[in-house]
Structures are given as C-alpha cells and as structure tokens.
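Next, two complexes with chain A in common: one pairs it with chain B, the other with chain C.
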Partner chain A sequence: MKPVLAIAWMAVRSAVRSRVVGVLLGLLFLAIIGLPLTVKSDGTLAGEVQVRLTYTLGAVLIILSIATWWAGCAAVSSEVQAKQIQLVLTKPVGRGAVWLGKWLGLVALNAALLAVSGAAIYGMIRWKLSPARLTEAQQRELREQILVARYSVAPQPLDVTAEARRIFAEQQKAGAVPTNQPVEQVVRAIEESLVRSAHTVPPGYKRTWVFELPAAPVGEQPVVLRYKFSSSEVTKGTLVRGLWLVGPVGKADRFELEQVNATDGAHAVAIPVSAFGGSRQVAVEYANINPLPIAVLFEPQGGIELQPYAGSFEGNLARALMLAWVQLAFVGAVALAAGTLLSLPVAALVTGYVLLLVKAGDYVALLATERGTFFSGAAQGQPGESALDWVLRQVLWVESALVQPLQGPNVLEYLTAGRALEWSAVAGAFLIKVVIYSGLCAAVTTFLFNRREIALPME
Partner chain B sequence: MNDSAIIQAEHLTKVFRDFWRRPKVRAVRDVSFEVRPGEVFGLLGPNGSGKSTTLKMVLGLLHPTGGALRVFGQSPREVKIKARIGYVPEESYLYPYLTCEETLDFYGTLFDLNAGERRTRKEQLLEMIGLQHARRRRVGEFSKGMARRIGLAQALINDPDLIILDEPTSGLDPLGCRQVKDLIVALAKRGKTVVLSSHLLADVEDICDRVAILYNGQIQAQGPIHELLEERERYRLTLPHDLPAEVLQRVLAAVRAELGAEPAVDHPRRDLEQFFIEVVERARREASEASGVGPSPGVAAYLRDQASPVGSRELSAEERQRAADETLKKLL
Partner chain C sequence: MMKTVVLVLVVLGSLWLAGRQHGPLLQMRREYRLNWEEPLENSPPLVGFTTVALGGFRGIIADVLWLRASKLQEEKKYFELVQLADWITKLEPRFALVWAFHGWNMAYNISVLLDNPADRWRWVKHGFELMRDQGLFYNPGDPQLHRELGWIFQHKMGNILDQAHLYYKRAWAEEMAQLFDGPRPDYVFARAHPDDPRVKRMREQYRLDPALMQAVDAQYGPLDWRLPPAHAIYWAYRGRPYARGFDLVQIDRMIFQSMQDNFWSGRLVVEPAENIFTPSPNPDAFETVNRAYQAARAAHPEETSIQSAHRNFLKDAILVLYLHHYTRQARDAFERMREQYPDATSARSFEVFVRGEFRAQVRDMSQREALAMVEGLLGQAAQWLVIGEEDRWRGAYLAARYCWQEYMKTRTDPALVERTGLPPFAVLWQQARDRAAARARTAAAKARLAEAGEAAAPAEE
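Then we have the complex of A and B:
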C-alpha cells in the first residue's frame, strides 16, 4: 500500500506545484463570489437563494468535472509521452497499483477542492442569512422552504391498469384501435390519459390525493406542500384561486388554506404539524374555486408532493457534496482508464463519449425500448422494422443496462428545492459508482495495461 | 546456457509494428547472450543498432516478438524481480516538480524501504553525486548533467543486484563520467551485475568484462573485452619513468641487435580524462565557492564493500601502467 500512497501523494504534490490547484481554486472562488452578482432571480427571497445555490454549486461541479476529465486523461498518458512512467514501471510496483495511486490522488484532490468550495458556499449562505440583512420572518421562511432537508413524498399511485384494459377492449370492439399499433403501446397511451385526467381539476370540482408519510410529523417544523400546475387558460401567468384541505384520511376536520397562484412555476405552502393529527396517512384535497371557468392540471410526475422535515440544510449540503465527490471519482476513473490505455486526445474524446452516454442515460433507455425508431422509421414489433434497427436497439439496450445504474438524484435540484438527499442515496452511489464501476474500470484497465508496451519508439 | 545467469536471452527478436499490425521496423534480430553474476557487460553499437530496445525488453517495458528472455530466471514482466534491479535510462525521466530529496524518497518508497533506510540512503547518495547543496531544488530546474546524477542515484536507492545503464555517461562532464565509471567498478567489486549500453567505446573499454557489439539489430561480435582487443602477435614494452638515458640506450641497442629492426620510441601520454580531473580538482581546492555539482567523497557507504573500500579499487593511470608492466615482465 505504501507505493500506492506514494504515487497518490506525488500526484497531489505535482498538481499543487504545477499551479493546477491554485488556478482551480481561483476559478472556484471567482464562480462562488462572482456568479451571484451577475445572475437575476424571480425577485423573491427564496428565488434569490435558490439561484445563488444553483449557480455557485453548479459552476463548482462543472469546473471540477472538466478538471477531473482532463487530469484523469493526462495522468498516465502524459507520463507515457514524457517517459516518466518507464522509471516507475521498472520498480517493483504493479501496474494496477500505479493506476490506483493516480486515481487516489485525483479523488483526494477533488475531496479537498469540494470541501473548500462547499465551505465557501455555506459561508455565502450564512452571510445572506445574517440578522443585519434579513428579518427573523424572512430567515424562518428560508429555513422552512429552501435551507432545509425534506423528504419528498408523492401521492399513492393510481392503479389504472384494469380501467385502461376495459377501455381498450371497448374501443377494439368498436373498431377504434389502429391495427398497425402494438397493443401494449395503445394500452399505455390509455393509461397515461387516465392518469392525466385524474390530476385534472375542472372548475367547481375537487380532487383528492392520498399520501403515506414515512413517519407521523412531529416537532415544530411544518410539512411543506409543494405543487406545480398548468391551466386551460393559455395566457402566461394566469392567476388561479384554489382551496387546499389537508388532514388525516377519513377525518372531516381538516386544515384549510386558500391560495391564489400563477400557473407557471412551483409553489410551496407550509402546513402546520397539528394538521396531520399524528397520522401517517394523509389526504390532500384541492378544490377549484376559481371564479372564472379554468381547469387546473397538476403534473402527473412531481406535480404535487408533501415534504416532511428530514434534517438540516447543513447535513443536506454535506451529503450533496459527497454525492458530487462520488460522481467526480467515477469521472476520474473513466478518464484515467482511457488515459492509461490511449493517447491524451483520444482518451479525452472517449471519456467525453462515455460521460455523454451516462448523462443521456434516460434518453438511451427510451431509445432502447419499442419507442425508438431508427433507419426504417418503424418501432419495435411494427411491420417494416429492419435488421439494422434490431441490432442498433440491442446495442442501445446494452448501453442502457450499463448506464442506468449510474443515474441518481440531481444534486442541484434536490438541494435547491430543500429535498433531502438521504444517506442511503450516498451509500448507494458510493457502492455503484466507486466500488463497482470504478473497480470495474480499474480491473479492465489493469488487465490491458499489463499487456501494453510502454517504451514503443512512437511514444 | 548457464542456469545461474542473471540475464539469458535466446534468439531474441523485436519487431515494431504499425497501427495495422504490419511489421515496420525489425529492431532486434535473433540476439542471444547471457550476463553472469558479478560481471560488467557492455552492449555496444551505433545509434539505432538495437541496444536500448534490448535493454527495454530486459526491463519488461517492451515485449519480445520472438525468442526467450529470462531475468533472474523469470519473465522480465514479473514485478517482484524489479526489487533487485536498478535502471538508469538514456534520459533522466524524472518528475520536474519534485525536489532532489523528494525524488529519491519517492523512488525509495516504491521499493517499500522504511523511512529510516530511505533517509540514510538519500543522504549518502546525495553526497555521492555531489548534490547535497541542491537537495531542495526542483529537478526541473537542473542542468542535464545534474539530472543525470539524480537519475543515477534513484537507480541505486534499492542497492540493486542488477544495474542496467542506458548510455550512462551521456550528458555528464568528464568528472561525472569518471565518477560513474568508478561507481560501476565499485559495484562490480561488490558482486553486483552491471549491464550498460553505450557508443562511447573508451568508457566501455575501461570498465566492461565482456561486450556484445550490435549492428542493425544483430550481434556482430561478443566476448571478454581483453580477448576481443588483445593483439597476441604484438608486444609493448614500457620502461620505468626514472630510467637513466644510458640504460635506455643500452636496452634499445639490445633490442636492435636481437630484432634487427629499429624499435619505435616515444614518451607516454597522460590520459586526457585523468588530466582533466586533476585540473578540476586543483581548481576546486583553490575555489571557495562553486555552483553546480559539488565534490564527491566517492561511492555511497551502503554501496561499498566494507571489507575492501572502493578507494582501493580506483586505479590511477600510474597503477594501471605498473600492473601492465608487471604482466609484461611475466610474459617476457
């Protein structure tokens, strides 16, 4: 282990002395201090803090990702070119140990830079929250809505399968189903339509969602009801009046709150703990009491959720930074693997492709299903699907299977919405991205690196 | 082939291929040699003759295309045998942001040496290469010669059994060259095996026990250096320097009478390298301050044979001459 740590320490020392770390720190501080001065929020206090958090942490992650990408690709490939690796590999150090040492150097640097950046961002938030700048009420508002960690609980899903099958059978009997469409695709379309209508509240109507909270709310921290909707009125920013009723399932005595909201953007209201009556099963009802006949459509995915208190913002920020570190460790492993086996420019391109693939994981997964259409323009199972389509779909399926486990919570979205990033998410990401995927990178790279000739004349 | 050989190469071939795996350059062709324990073996040849390629195969950095190669009886790609090898490359491939001390410490750690051992060897090596005063300077700021010295020191940090030197005197001043040669002799005296490649024939002649001469990737000649160079049909007569002129005349007259021919007589010339070293040493004694490489006390203590200090192995020009005279006397 001593040689591995020596290589890691040497990588850190070289990065510091070559002024890479200094320049990175300069860029990070410029982003953390300078960016908030140049961007505008929606004018609300919560919006301003959200924008600050989003831009500063986002910029930090982008800068460190690019730096890790470049440093990972260059760590071994530049040493192969400068021939320093020849001296190292003539010592009793396995090539896997060289790879591990370089990777540990990268992750140690990232940990230090993320810690410094996180401390600077937190300092900026504390400065914003200082009593000299905000009233107590404003501070409380921020502490309740943004600077907090809350669980995100979606309503219990609607089971529309049986109803969708029934409608399909009826339409098929009536000859209203196109014969060239796969049955599953048509049934899914009917299901989606049913879910959408279950989230639509026509004028003068009300709609109820049932939530199962992880625990009955206690303490002083309210539960936040967060929602976003569109309306049948197409004018942007139309105001809609609605009445929220919240209480334990089956109880008539409920907490009521009338709200007038614009149809664009997300909204949040604080529901006192007393409204839940010590119950985990909660009914949330929305009554459309708008004077004008406007229907309200809540987004079926994430359009309405209850957010009970989960912990402090500080803890959430720490977990967000850990998730970011895990992601950077994975980026470093991919870049280092490519840079160990390929020349710097080729490694940079290959790493870019892999990271793009991971980023577009959901889209790749979608293409891999029957919804993707390629050369023939025909979906899977449709008449006219070509062999080339089939092959490409299998390739995409494999790619999708490989990158799907790497998808995780969007750290920025969670943190700026006050949503809790749980320890289980951090542990899961560490297991998948660091232990399994980075370990896989190490194993494959070591196997190939052991077979690579290092002192070829063209190198 | 000898089982106890440190390096055994049999019909070694190396072909460099292009991107499409087509043969591009045949760098080494059917090369066979062996290096025995404790000998100084030289690979000679002009540029591009396959010396460095052969050494890099021995080090496991390149893989032979054909033939067999064993180092310490194992594949050169075996990691654990590298604990017994020290390698000085043709250029100093060092990390420019590390200081002199850190460089030696780094490579010492790769050999898993403990901190105390690293510290001791570092100090002795720095003293040996005359760079104690530059211990905290970054290697990237060094001249080529200074960097070569650090390159040499890093190869000795593990007290290796086999030292491989690729063009070891390249980039060194005559003083440095002499130190490297003395070092090689000292290491050989201590039972270490040394393999070096060079196209500087005088260097090789001074220190090698056996040589192989490569050209176009093939061994053209191989054997003990004294056998390869000795002209057994000719003799050289060296007389003591304080010989009175009349005695010399009598000796010449006797030779003329015996041979019936006029013998060639001239004054022996000093070795330029020896002369240079004497001049620099004198200047150094007179100067109070000097930049660059400082004076060296000789080989690092841990590399020396305790029973027979290296100073006794360091032959002066006179000593070499005296030894030659004695040999000649025995022959005559």
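Then we have the complex of A and C:
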C-alpha cells in the first residue's frame, strides 16, 4: 500500500506544482462568486436561490469533470510519451499500484476541490440568508421550500390487473377485441385506461389516494403536497376550484384546504404536521367543487406526491457533494484506464464516448427495445426486422445493460427542488461507480498494462 | 526593416480608411433600405464576442439551450427560463422572431400556469420587457417585434381573457401613475425638463418618448396612458415606419383595434377608497376611431376584413353613443353606417335600430358591452335627473338595473365574477351622478342628484 500512497502523493504534488490546482481553484471561485452576479432569476426569492445553486454547483461539476477527464487521460499517457514512466516502472512497483496511485491522487484532489467549492457555495447561501438581507418570514419560506431535504412519496399503486383481465374477458366474449393485436398489449391498454380513470375527478366527485410515509411526521416543518393536473377545459390556465382533505386513514376528522389552481400548472400546498395525527398511513382526498362542470385529470405518474421533511439542507448538500465526488471518481477511472492503454488524444475521445453513452443511457435503452429503428422500419412487435437491425439492437442492449446501473439521481435537480438525496443513494452509487466499475477499470487496465511494452525502440 | 515599417503603415492606413467607410456605409444602408432593420451599433462586448467568435457554433449552443428551456418548461420548472431566454436571444440577437417567441412564451404560456395574479403579472412583464428593453435594442427596425410587443398590451393586458387581466391593468396603471399624474403626461413639461427624474424614467426604463406619445395622442387620442390600449397604439406607431406589405396591414389593424378598445374601455374609473378600478367606455373617442378606420380603409382598399370591422364597430358604437347620451353623434353614426354599408341593417329609422340592438344585446352581452350599456343608461338617468324629468330618469335607471341584473345573474362562479363581472351597481350609479353633478350648474339639479342617491328607492324596485 505504501508505494500506492507514495504515487498518489506524487500525483497530487505534481498537480499542485504544475499550477493545475491553482488554476482550477481560480476557475471554481470565479464560477461560485462571478456567476451569481450575472445570472438572472425569475424574480422570486426562491427562484434566485435555485438559479444560484444550479449555476454555481453546475459550473463546479462541469469544470471538475473536464479537468478530471483531461488529467486522467494525461496521467499515464503523457508520462509514456515523455518516457518518464520508465523511471517509475523500473522500481519495484507493480503496474497496478501505479494505476491505483494515480487514480487515488485524482480522487483525493477532487475531494479537496469539491470540499472547498461546497464550503464556498454554502457560505454564499448563508450570506444570502443572513438577517440583514432577508426577513424572518423570507428565511422560513426558503427553509421550507428550497433549503430543505424532503422525501418524495407517491401514492400506493392501484392494482388493476384483475379488473383489466375481467374487462378483457368480457370484451373478448363480445367480440370487441381486435384479433390482430397481441393479448398482452390489449390488457395493458385496459390497465392504463383504468389507472387514468382512477386519477380523474369528474365535476362534483371525490378521489382518494393512500400514502405510506417513511415515518409519522413530527416537528414544525409542514408536509408539502405537490400536484399537477390537466382538465377537460382545453384553455390553458383555466382556474379550477378544489378541496383537499388530508388525514390518517380511517379517521373522519381531516385537515381541509380549498384551492383555486391553474390547469396544467405545478402546485404545492403546505399541510401542517398536526393533520397527520401521528400516523404514517395517510389518506389524501380531492373534491372537485368547481362551480362550472370541469373534470380534473391528475397524471398517474408524478401527478400527486407528498413530501415530508427528511432532513436539513446542509446534510443534503453534503450528500450531493459526495455523489458528485463518486461520479468524478468514476470519470477519473475511465479516463485513467483509457490514458494508460492509449495515446492522449485517442484516450480523450474514448473517454468522451463512454461518458456520452452513460449520459444517454435512457435513450440507448429505448433504442435497444424498439424494433426496426435503423434499417427495416418495421414497427415494434411486427415481423420484418432485418438481421442488421437485430445485431445493432443486441449491441445496444449490451451497452444499455452496462450503463443502466450507472444512472442515478440528478444531483442538481434534487438539491434545487429540496428533494432528499438519501444515504442509500450515496452508498449505492459508491458501490457501483467506485467499487465495481472503477474496480473493473483497474483490473482490466492492470491486466492489459502488464502486457504492454513500454520502452519499444520505435517509441 | 524599412520595408516592414512601410508595410505596417500601409496596413494601418488601410484599416483606418476601412473604418472611416463604416459610418457612410451604414448611412447608405439606411437610405437605400438594403434591409428593413436598423444597423446595430454599440452592442455590448459580450454579444459582439458571442456573435463573431462563436461563428456557426452559436447555433448549436442556442439549440442546446433551447432544448433545455423546453424540457424545464415541460417539467414546470420556470426559475431558469429568464436566464435561458436571455442567452438564447443574445446568441441570435438579430433574429427578431427569437425575441418575439421567448417574450410571447413567458407572457402567455408560462404566466397562465400560475395561480397567483402577482406571479402571472411577473411573467407577463418578463415577456414584454425582454422584447421592449433588449429585443428592440438589437432590432430597432423590426416591425414584427413592435407588433408582438403591442399585442401583449392589446390582447394579454387589454383584453379580458386572462383571469388576472384586471390585476395586470391595475398594476400597469400604478406603474404609470409613478411617471405622470392623471391620464397622460404633461408633454410641455416633459419636453422642457428632459432630466426630470420621472421624465427620465419614462424614457429610459419604459422606453416611452414623450414627443412620440404626444404625436400619438394628437393623431389617435386623447388616450389614457394608464391603460394598455394607449401602449399598444404607441408600439404599433413606432413600428409603422418600418412596416411594408402585410406587416403594414397588421400594424394598422393593431392601431384601429386598439383605438376601438380605447372607445370601449378607455376611460378609467378609479375609486381607491372603494377598491374600484374599472376601465369603462370612452364615447369621446368615437370620432378618432372612426377616422382611423376610414384611413385604414383608404390605405388598404383590398382588405375586406377592415371594412367588416368598421361596419361592426359602427353598429355597436351607435348604441353605446346613444346610451351615453351622445344622441347627435349616434344619429350621425347611424347615417354614416347606412350610407357606407347599406346591408348593415334593415331598420328603417334610427329609433327602430336602437330598440332592436338594445333587445338583442341584453340577451347576449360581453362584459364590456354590458358595462357600456349600464353606464350609458345610468348617465342618461343622471342627465334626466339634472333637468328634472322624473319618468325618464326612472326609466333609464330601471333599464340599467335590468341590464346589470341580466348580465350578472349568469355569473355565479366567484372566479368568473372576478374576471368578467361588473362593479357594484350602487357604485356605478354614484359615479354617474358624480359626473352629472360636476357638470350641473344649478343647486336644484345638484340637490336632485344627491336626493336620488340617498333615496335609492328605484334600486330596490
């Protein structure tokens, strides 16, 4: 382990000596202090804080990602090109240790820079929150809306399988099911229709959703009910009057709140903790009391959610920085692996491709499941897919299977929306990106590096 | 060495000469109308840098930013959109449609998704400020951008389609009240004191040129500059010299439509103590609206839509004029309508036409028509009171009451009442009597007006 740490220390020292750290720190501070002076928000206090957080932390992550990408690619390849690597490899140090040392150096440097950046961003937020700048009410508003960590709890899913099968059987019996459609597709369509109906509130009607919270709400922080809906009124922004009733399941005494909301907008209301009566199981009911007959349609996915308090903003920011650090460690591992085996320009391109693939993971997964996307033009589920299409789909399927585990919460979106980044997410990301994927990079690279001739006469 | 020095001097001299040509070239571009846009001068260094240094890549960057803006908007995350719109437009500063799109998107698409009128107003402002303060700076000669800006005043703020339209009108009137007292600035003062803080603010923050406002007022007014129609006319007027072809038709259409709005709701009734803020009919504007229509007809004889609009305006205006006791003007308008548009009515006389229109309109009135009718009838009632015609004032009063009740009885939803409702009847009656009292000369007439208010007996009938 000693040689590894020695190489890591040398990597950090050389970065400091070569003024890389100085330049990076300068850029980071420019982003953290300069950007908030130039960016425009929507004119609200919450919007201003969200924009500052998004742009400063976003800029920090971009700068560090690019620096890690470049430094990782150059760490070994430039030494090979300058023939300096021989000085290290002729010593009793394994090539795996060299790789690991360089990676740990990068990781340590990123940790230090992220910590400094995080502290600066937090200092900026604290400065913004100071009593000289904001009233107590404004501070409380920010602490409740943005500078907080909240769980996002969806309503318990509806089980419509049996009902869909029953309707399907009835329709099949009546000869109403098209014979050229796969059975599963028809049943799925019926299920979707049932779920949509369950999220529709006709004029004068009520709908109830049941939520299972992670814990019974306590303390002073209210629970936020977020919802969005469309309506049978086609005009965008039509105002609809509704009544929310919230309380423990099975209790008649419930918290009531009348709201007039714009169709197609995103809405949030604060529900006091007392409304939950110390219960984890909560019933949320919406009564459509609009005087004009307008039906309200909540989106089945994400149309309604409860957001109980999960923790402080400080803890969330710390977890966001850890997730960012884990991501940078992964970028460093890929870049270093490419730089160890290839020349600097090729390594940079390969790393860029891999990172792009990871970023577009959802799109790759979609392409892998759709038939006839490339050449044959046959629709999904239809015969006529060409062999070339099939091969390409298998390649995409493998790529998708490799990059899917690397998908995780969007740190910036979670942080600026006040959504909790949980410890389990941090641990999961660490396990996948650092232990498994970076470990794989280390193993494969060491294996190939050990077989690579370094001091060839032509080089 | 000598050769190098000579070459450097030649290069520097050529650059100087080229620079000297810049001004005359721009002037010739303006004179010969090589394009409709004014040449851009003194643009901020950052915009100069992005438009020149990024070259073709700025299109790609603009696309990426545009995709992000669309995604955020779909996800109802609006806090970044002002910044993204700023960057996108700055990357393509001479592409006027981009400014128009983003301004319109904020004023229309985003504002309506918010519940609170104050939040909606903020986005409407973001929209027109983007076009007015920056879009027109980079595209001072773009008629379409002028029209889009005017459209926000004419339609978004001036019309009654948005639930929060009264909030917009009130907020705008409050802003204007900080710039001048009463319905319009003191133009003489504004010209004599260009450095006065209010005049300066009007010019620099609101881009309102007092000289131009005066010209607009002289040609199309008198206008109440606290209300949106005046500003729609102003921006259309500013864009008119650059417009050609169909752009010119649209600009002209905006002018006479806004003037028509000025006729329907160009007089502001404000009672801060009663929290009353109502833009109400302005019968004095009839002649100028009619003149504008005549001018537009003469300028665009091939546009039949202008003729139809003029005919409809005359038809509606006759009743409003009559109800506001502008009987002579109403008769004139009727004669003009029969002369210019013989197929507009089959009524044989003015009286028959007015009775028919009244019956038809009471059945199916818009908010502004209802207000015009109620106000007009109450104005008449007050006038009859002034001259002591007991039966007539009671008749006009009861007709007004009937209209108010007919209109309001279908409006039970509080949101609908807020958006399209009429002010309380008692307030309208009080204002009609106040206006009549201000004109009344005799103490007896004033006493009759006061007694009618105190007795309020007809209101209960």
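Remarks
Simple rule for what comes next: the second predicted complex is superposed on the first by the 365 of 459 C-alpha atoms of A that agree within 3 Å, B and C clash if a C-alpha of one lies under 4 Å from a C-alpha of the other, contacts with A are read in each partner's own complex, and residues count from 1 in each chain.
Here is the rule we go by: a contact is a pair of C-beta atoms (placed from the backbone, for glycine too) under 8 Å apart; a residue touches a chain by one contact, two chains touch by 3 or more.
As the structure is a prediction and not an experimental result, all values here were calculated from the model.
Using the contact criterion defined above for the overlaid structures, shared-chain residue A:K228 touches chain C, although it does not reach chain B. In the superposition on chain A, contact is made by A:T54 with chain C only, not with chain B. Of the two partner chains placed around the shared chain by superposition, chain B is the only one that A:R13 touches, whereas chain C remains out of contact. In the overlay built on the shared chain, the residue A:G94 is in contact with chain B alone; chain C does not reach it.
Look at A:R165: by the touch rule set out above, it reaches neither chain B nor chain C. Looking at the shared chain after the overlay, A:T44 reaches chain C, while chain B stays out of its contact range. After overlaying the two complexes on the shared chain, residue contacts for A:H267 are found with chain C alone; chain B is out of touch. Once chain A of one complex is fitted onto chain A of the other, the partner contacts of A:R133 are absent, as it touches neither chain B nor chain C.
Taken together, the two complexes place no residue of chain A in contact with both chain B and chain C. Residues 2-3, 6-7, 10, 13-14, 17-18, 82-84, 86-94, 450, 453-457 of chain A are the ones touching chain B in the complex.
Touching chain A in their complex are the following residues of chain C: 76-83, 86, 109, 111-115, 119, 122-123, 126, 162-163, 412-416.
Chain B meets chain A in the complex at residues 16, 25, 27, 56, 59-63, 77, 79-83, 85, 87, 89, 91, 93-95, 97-98, 102, 106-107, 109-112, 138, 154. Those residues of chain A that touch chain C in the complex are listed here as 39-44, 46-47, 50-51, 54-55, 228, 236-237, 239, 241, 259-262, 264-267, 290-292, 416-417.
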